[in-house]
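Both complexes shown next keep chain A, but they swap its partner, so chain B is in the first and chain C is in the second.
Here is the complex of A and B:
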């Protein structure tokens, strides 16, 4: 536990030191947020509501999704892969620690720093520029925070699993890119999934991806509650367990392969 | 005493797939999958007692690192048995690695972008080292390895010698019983090499840590190890005292004498004249037949000597001969 905390703290500090990168990232996220907000405003075309979302909700949606990019490391995360390719993984194998927890701890620090620096600041900027939706009750805030936390775990366990491909192929970058594109397309990052046909939404909800973005946004906007909310939380937990298990199995197999073929 | 390392009939074979050249190459690679079997380690046996300091010597590609990777649990043997400190390294890795220290010279175990001290602090938590023990060890190693000048420098900014010292410190903070060193002096200058050798000798003697080090630098072995194992082409060629190796395969010792005048016949029992150049004569002799001082005494009793020099057989030449002429096979 102490190690988890120390690793998390270090990753947090590391993230804080990348000032230029943070500013650049923030500017990009914000710019694209504005762009996406304009597209949605045009789409609404004066309509007050589409699929149960008001225009305020829609604008808030763009803010939330842009704010989530850094927090969930949506577009890229190749750290485990890099460590396999540089051979750093061998050094880590020589340390008495759980490899999954080692990365989880570091990602928690990274995610928390990103949440503060790039998540909150985007939402503050949105609040200053637009009229945005905020959760109406303490319960809703609490539910949102829980779902947000779980969304990070879903995202991490998926990213970890994808990165493990590096144990099998010398060029897993392509696989990872495909996986990331898949995840932000099916997660409801592009457009709220409500805007799509039902069959497509059902298809998306067969994957873990909506539980990283779409479900979280809906909880924040107050579009789901009661049983639907409980179902989201349970599904998130189930996906976390499944993905972590898959990650453990793949890691074991990958390490075994490394042990047999050499680094 | 019980062996701390025991290795029986150890094999590690790799399949290397043949790559065809040309445009159709990749297709042919898929179709045929021709492979050659590389026996990186081929039937090795040895035991090491607690407290020994053993040099594992061999040219590049001889199988040194492969052996070390199996001993540290990073590689699973193709066949054979390894027991280190009552563990089968690759089977119970997490418990096992807590009891050993390992430094792979080419690669740092420290965090690239962290200052050295923060990396070391992190290791305290990874190995769950009690605070007082950690401070005590860190204090001692800081002094012996002279870490203070760069303790707050990020690892990426360290020189090779500094990084190696930091890595060796990192491998010892948790009081391991065994230390594996893979090429600990590779690429270092003479002063840096010497500092690291002194430290290795110190922790072996003062703390009784068993050390196995691989190297292709003979001066490491000469200065540090009484026992040496020589490996080439995956086979263990020699396992024993360095001195014996020298005696068995070494060149003869040489005595070069400058006489005051040129002598016609000089014959001394036990020594052979190898070279004659005016008044300078080179004798070859072997330690078993005559000692250097006996030889010098005999010579100076009969002849007038201006100057003399004893040359010890050079271990490097000996080992090169062993590899090239395959003397031990």
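Here is the complex of A and C:
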């Protein structure tokens, strides 16, 4: 546990080091947030509410999703893959720690730093410039924090699994890119899933992706509560277990055929 | 001149052969790139089943903006990928740019030849399909001027985006750390142009009209081709500015590149 904590702390500090990069990233995320908000405002065309979401909710949606980009490494995360190709994986596997936990620890530090630097700060900027929706009760805040935490675990266990493709092919980047792109659209990052036709939403919910973005957004905006909220939390836990299990099996099979390159 | 061209051709062919080495990965890559375009437009089309239009623009009118921007950006990205700011920035950081400076070959040709991302064809193909769908569904009153505008707008966009890449790459002579901000103008610019400009807040629109005049590259020509009224009240010659703006941006970009080169200091690594 101590090792886990130290690794997490190191990853956290590493993230804090690049200040100019953080600022540039923030500016970019914010600018794209503005573009996406403009599109939604134009779509609403003065209507006050669509599919249960007010225009304020819709603007908040763009803030939340832009804030999630760094937190969940939404666009790319090839760290395990890189370590396989550089050969660093051989020494990582000798460490007195489960290989999955070794990466989980580092990602926890990275995610937490990103949450503070690029998540929270975007939401604060949004709150200063726009009218945004904020959870109304302590219960809702608690539910949001729990669902957010679980969303990170769903995201990490999925990212880990995708990266394991590197154990099989010497160039898994194409496969990983494809996987990430699918996740943008199926997770409800691009547009709130409730704006889509029912068949498309059903399709999305067959995958773990809505449990990374869409679920978090809906809980934050207070669009779900009671049973529906419980169902989301249970589904998140189920996906985490399933993805971790798949990761373990794939890892075990992958290690057996791993050839260390470089070194 | 023909010697330089041969070098360029050789660099590109080496590049392409390199990419084709891992065939499965390459195929996935093409698929992934095509998917971004198809899915982003597909999502808008699905959303519009509920909303009908964006600021009075139907799905096929949007498809024109979208298809044109994507196809042009994809084409530019293949030709100018050596200047892609994050890629070029890494070259500067690693010090491999120094090698280029030492070779007795035109520098720009070397940078252009240093990367040729074949997978972007996925984007071009998807973009053209969307453009084609748009053109077959819209009842455009074709005139000679409008027909001529199609290739002119396309080439202008390629030159314009290419200029932005060169400006972004040049910035990496000063900073290699905060390059992500360049994405606002390159990727942000394409994203911005995929929607009618009247939907954006004044501040953003003013910037992309008077400082970086992206508005004249696609939005105004499209208004003209589709016979849509101009909600912004710009002068009537606005739809015809695209090639002039593109060339001007490119000249500025190139001057900036030459200026930047004089200040280039190796990272020493």
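The definition used in the following text is that the second predicted complex is superposed on the first by the 258 of 263 C-alpha atoms of A that agree within 3 Å, B and C clash if a C-alpha of one lies under 4 Å from a C-alpha of the other, contacts with A are read in each partner's own complex, and residues count from 1 in each chain.
Definition applied: a contact is a pair of C-beta atoms (placed from the backbone, for glycine too) under 8 Å apart; a residue touches a chain by one contact, two chains touch by 3 or more.
Keep in mind that what you see is a predicted model, and the values were worked out from it rather than measured.
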Examine A:175 and indicate which partner it touches, taking first as chain B and second as chain C; both and neither are also allowed. second
Identify the partner contact of A:96: answer first if only chain B is touched, second if only chain C is, both if each is, neither if none is. first
If we overlay the two complexes on their shared chain A, which of chain B and chain C does A:24 touch? Say first, second, both or neither. second
Look at the residues of chain A and decide whether chain B or chain C touches more of them. C
Tell me which partner A:226 touches in the superposition: chain B (first), chain C (second), both or neither. neither
Does chain B (first) or chain C (second) touch A:87, or do both, or does neither? first
Considering only the touch criterion stated at the top, classify A:3 as touching first (chain B), second (chain C), both, or neither. first
Between chain B (first) and chain C (second), which does A:256 come into contact with in this model arrangement: first, second, both, or neither? first
Would you mind listing the overlap between the chain B footprint and the chain C footprint on chain A? none
Which residues of chain A touch chain C in their complex? 18, 20-21, 23-25, 27-28, 31-32, 34-35, 38-39, 41-43, 45, 50-51, 169-175, 177-178, 181-182, 184-185, 190-191, 195-197, 200
Can you name the residues of chain B that touch chain A in the complex? 14, 66, 69, 72-76, 90, 93-95, 97-98, 102, 104, 107-109, 111, 113-114, 118, 121-123, 125-127
State the interface residues of chain A toward chain B in the complex, per the touch definition above. 2-3, 6-7, 10, 14, 87-88, 90-91, 93-98, 256, 258-263
Footprint of chain A on chain C - complex, ascending: 22, 24-29, 31-32, 35-36, 39-40, 43, 46-47, 49-51, 54-55, 119, 175, 177-181, 183-184, 188, 191-192, 195-196, 199-201, 204
